Amino acid sequence: MFGVKTLRAVRICRASVLWRPSQTVTRTQSVAAGPRVDIGGIYPPIATPFTQNEDVDYQKLDENLRKYAKIPFRGLVVQGSNGEYPYLTDDERVEVVRRVRLALPTCQLVLAGSGCESTRATVVMTERMARAGADMVLVVTPCFYKGKMDSRALVHHFTQVADSSPVPVVLYSVPANTGLDLPVDAVLRLAQHPNILGLKDSGGDITRIGLIVHKTKAQDFQVLAGSAGFLMAAYSVGCVGGVCALANVLGNELCDLERLCVSGRWDDARALQQRLIEPNAAVTRKFGVPALKQAMEWFGYHGGACRSPLQPLSDVESQQLRLDFSTNGWI
Amino acid sequence: MFGVKTLRAVRICRASVLWRPSQTVTRTQSVAAGPRVDIGGIYPPIATPFTQNEDVDYQKLDENLRKYAKIPFRGLVVQGSNGEYPYLTDDERVEVVRRVRLALPTCQLVLAGSGCESTRATVVMTERMARAGADMVLVVTPCFYKGKMDSRALVHHFTQVADSSPVPVVLYSVPANTGLDLPVDAVLRLAQHPNILGLKDSGGDITRIGLIVHKTKAQDFQVLAGSAGFLMAAYSVGCVGGVCALANVLGNELCDLERLCVSGRWDDARALQQRLIEPNAAVTRKFGVPALKQAMEWFGYHGGACRSPLQPLSDVESQQLRLDFSTNGWI
Amino acid sequence: MFGVKTLRAVRICRASVLWRPSQTVTRTQSVAAGPRVDIGGIYPPIATPFTQNEDVDYQKLDENLRKYAKIPFRGLVVQGSNGEYPYLTDDERVEVVRRVRLALPTCQLVLAGSGCESTRATVVMTERMARAGADMVLVVTPCFYKGKMDSRALVHHFTQVADSSPVPVVLYSVPANTGLDLPVDAVLRLAQHPNILGLKDSGGDITRIGLIVHKTKAQDFQVLAGSAGFLMAAYSVGCVGGVCALANVLGNELCDLERLCVSGRWDDARALQQRLIEPNAAVTRKFGVPALKQAMEWFGYHGGACRSPLQPLSDVESQQLRLDFSTNGWI
Amino acid sequence: MFGVKTLRAVRICRASVLWRPSQTVTRTQSVAAGPRVDIGGIYPPIATPFTQNEDVDYQKLDENLRKYAKIPFRGLVVQGSNGEYPYLTDDERVEVVRRVRLALPTCQLVLAGSGCESTRATVVMTERMARAGADMVLVVTPCFYKGKMDSRALVHHFTQVADSSPVPVVLYSVPANTGLDLPVDAVLRLAQHPNILGLKDSGGDITRIGLIVHKTKAQDFQVLAGSAGFLMAAYSVGCVGGVCALANVLGNELCDLERLCVSGRWDDARALQQRLIEPNAAVTRKFGVPALKQAMEWFGYHGGACRSPLQPLSDVESQQLRLDFSTNGWI
């Protein structure tokens, strides 16, 4: 329908070479000893399938991973918000990362969510995930004491973590879950840290995102959109990729959108982007993780159950979810 | 510096013919007797200069208008939020519109803010502004009883106004001032009204804007970005123009940005867009109308005083404002 | 059932002498030439009945007033939020105040809402309402430019109004409508003005209210609760009365509650207070002015229509409203 | 100064017999086999002292507990928000509870915060804390997926926990930290569970609290105010006690306030309450846990360090904190 399918070549394992946006090519790699990893591209923040007893279903996870390995993703985010990581034990968190690393080709990055509320726990978890094979860690803003999580506290937190981390760090701001936006001035400070590579911004404030790209140009700082809903707009203002819940379901299509944006085919990109907004909203802010898992089942993946207190969709919600895919031509 | 100045031809009065985005060309004009007015382009929401006694300074207004007439704006918004319209009497509101219409070439549209809290007052004000020469009216969401301003109430309000208005209506959603976002489902309903042309969306939620563009394709509905901060992103998702406070100060530059977006020169557009974010934030959400008026003075326009309770900037604020322009190379 | 009905003597026109809370008796009247008016007691913020054509129905207003004159209210608030004042023309606003003053016994205070967005309009409206017979004016926080309505701007606004007002001023903070809480430090500054008598606080933050009472003890500053939902708690922390939408419907009952609080009969007060919370919520934040007007019809008053864009209740809402009264034994 | 000190008898270990509000005496104990525990009274939500290395300082904790044991508290809350529980490991959480139980007289209740994000983790932690000696558990609303934490999910969560808990459960709603208010309808459903004793409500919406007391009268459901700022108002509407951060510092004074409220000495209560609002705000929403710990040092307790990312107060903040105590006569 969009004529983009033919563009999708066998990209796996050549991603970082072939399809980078032009602006990243000329970056000066000044901050660290060697060049920074190019993290540009699409990442599904993978769901964690559970059995009916709410145990982690590692077998179903493996089956999902085998499928994801064939999609030209830049990598996978393990234990972003959609991974129900706050519902996993520490050991489960590490084990899931280990499994993912084993299942993926080495050219696909494993970006592991190692954030905890305390700095010391985050340092420990970061170290464990690096040992389990994470290529990078994604560190969410601590948020319980949100009234005290000002720039001073957050800069201190992320600096401590980055100082001790064996692998590069990506900052993670997700106000819908945390009630807290990582302040721009804190981002600008942290962008200067040699072990902090970039930011995943799930807030969707495109003005803010554009400003961050602008003010961090000298630091080789890479910004990823945190949702498929504003992926094209994010590319337009200088983001290098996206971590998109919807990529668990429509992974190839999001990689198509990436390529259209990167290659400057904006009219085609717009047409594709627009068809993705409603399905994306449905599996994120409208119905959440239970909807993402339900949609995964429809599209040939294993969603499985959620852990309580997350509840399965009601029948009405499920019908509405289906409608959000079907009216946009995906089912 | 950006090589775009040479693009800026004598566009005045040919705007609607020459530089429309391609997607508007093929629109079917099905909803009304004749083709709809193409409202694509840049609009400054003009400030209302006051004397030190807080009277409207019509002379200084006229001098500003003479300058704006030479910039390739698609038109002017009179009595958007930056016009301090809630501080004007009804007669002042109409008189300002009359003056603007007289001062502009006919090819520049006058988009007059006629919104009031009650439907009946809005109907009356709309009629008066049309008689005073407004080409279109911009109708803000009523907001005092925000808990009751659901889709039902808002659809009723805008429908009543559009039914009786002698000129086309543009919807106006500005949550930073009203505490209320015009719901998407209300927009979709209202887009079907033959006398409702489009929407000015100042909320900046680019996902929402993209969705509205997508879902109103069949209705020849035109969406304008309500701020310079996300203008380029708005073009990328299908907006046809922008109403930008910053255009009171950097009008030609915003018209440059328009042209870069419309002609698909996204890399140049991005570079220009990024330099506009901080100055725009400074004259809008950071320091507000007093900052806009201060900056106008710096750039050769008359800002004049604000009406109370708006207060002039403090010295510290003024210095910060200047910095937001100078660090981006505008002063 | 509560044994309080027998307490309700013929209080009209002796209110200010008989039933004041003990703490007001010993106040020093230091700020102005004479003693300040004691504003303690209950006020209905009266609704404005409209005809089916949405004209002000002065006859029905008069009939309501005749009934209110027999209830031991301390006075009436005219053009608080429940009076749909943002939907009235300036002339209508003044005329309604004039009618109310004519219809009430002189011992009942007329507290007229004269707030407008601009300071100059508020000054003019205040003057007009004083001439029309208002005993005091109630001045709401301007709110359209909420980002700029800091303490500096608000102190300036209220000071200008109070300086020029022929009658005493009561501050009015109603964040549910304005999106703005008058800051505590601004209240403390303004409490020192000799022509500012007190504050109507509709936010319901009882900690804040207690703090304001505490910090203004030296200024003979009187705080009124802005809702029946927290009236008893407000008395407990030192408020002297309440402006309660529900008093349009259950006026005698709220005067009963006042007396129980003032006389220290807290157990009886609690039992009565609790039965008022749900009906009060129903006619305020849950269903708003249309519900208040519907309930007025049930209780023998004229509610009449609302002006658009306010819509009448749906059948389902109306049933729910009825339930909120009946489950608490009021219907 | 207030004449209340003489009221403070040796209450320890007779609390539940002597000073209960009258309305609790006549409650029918219908829901469970035996009578429910009367939880009325004051609880400090104790801070967790850390060493400079951010290890739990059990010795200093013990010294604090020895002092708290001499104050007529109804009990201690261990691992409420002020205990930095999100920064503790699971083992630390249990160990702290064990220490507290050992250090207190048996008449003082240990109310242990056992809430985790997932239902299964909360069930396990509840069981562990009960074995460690907790008399009751305090279970906070899970909040990470706030968009999905509707009444259905929360009722399911708390029911699962209460069904399996060896000790009674108290619900805990603290929107300032969680961004989530436990909905009233969920509270009313859960109040019917035989193993759910009550609610700690830290939101401070006194109307809501009054409504909950009103609608749960038949269930012997006990509501505790979650802050000293609205303690008196909470008593006035029917709460039976309070969990107050400030009680870590001014424990006897809060027990005084309790007694004044319970014995109906409202004028004295008001005078004392008002002096507590600013110090309480200072150690909670204004400056948070670091301020609480600083103030504890001033008043003879061990606050110790916070765990990162919480930062110590700046000098300016520390001076302001001191002022909030001194201007109210506490230092």
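Should a chain be cited, it is by its letter among A, B, C and D, assigned in written order, with residues numbered from 1 in that chain.
Following the convention adopted for this analysis, a residue touches a chain if its C-beta (ideal position, glycine included) is under 8 Å from a C-beta of that chain, and two chains touch if they have at least 3 such contacts.
What you see is a predicted model; the values in this text were computed from it and never measured.
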Worksheet item: When subunit A touches subunit D, do the two copies use mostly the same residue numbers, with over half shared, or different ones?
Response: same
Worksheet, complete the sentence: Per the C-alpha centroid definition, the whole-Å distance linking subunit B and subunit D comes out as 51
Worksheet item: Whole-Å distance, subunit A centre to subunit D centre, using C-alpha means?
Response: 38
Worksheet item: What is the distance in Å between the mean C-alpha positions of subunit C and subunit D?
Response: 35
Worksheet item: Viewed as a graph of touching chains, is the assembly arranged as a line, ring, star, complete set, or other?
Response: ring
Worksheet item: Which subunit C residues qualify as touching subunit B in the complex?
Response: 54, 81, 86-87, 89, 117-121, 142, 144-149, 152-154, 156-157, 160, 176-177, 179, 285, 288-290, 307-311
Discussion item. Help me check something: in the complex, which residues belonging to subunit A touch subunit B?
Written reply: 22-23, 204-207, 210-211, 213-214, 227, 229-230, 232-233, 236-238, 264, 266-267, 270, 273-275, 277-278, 281
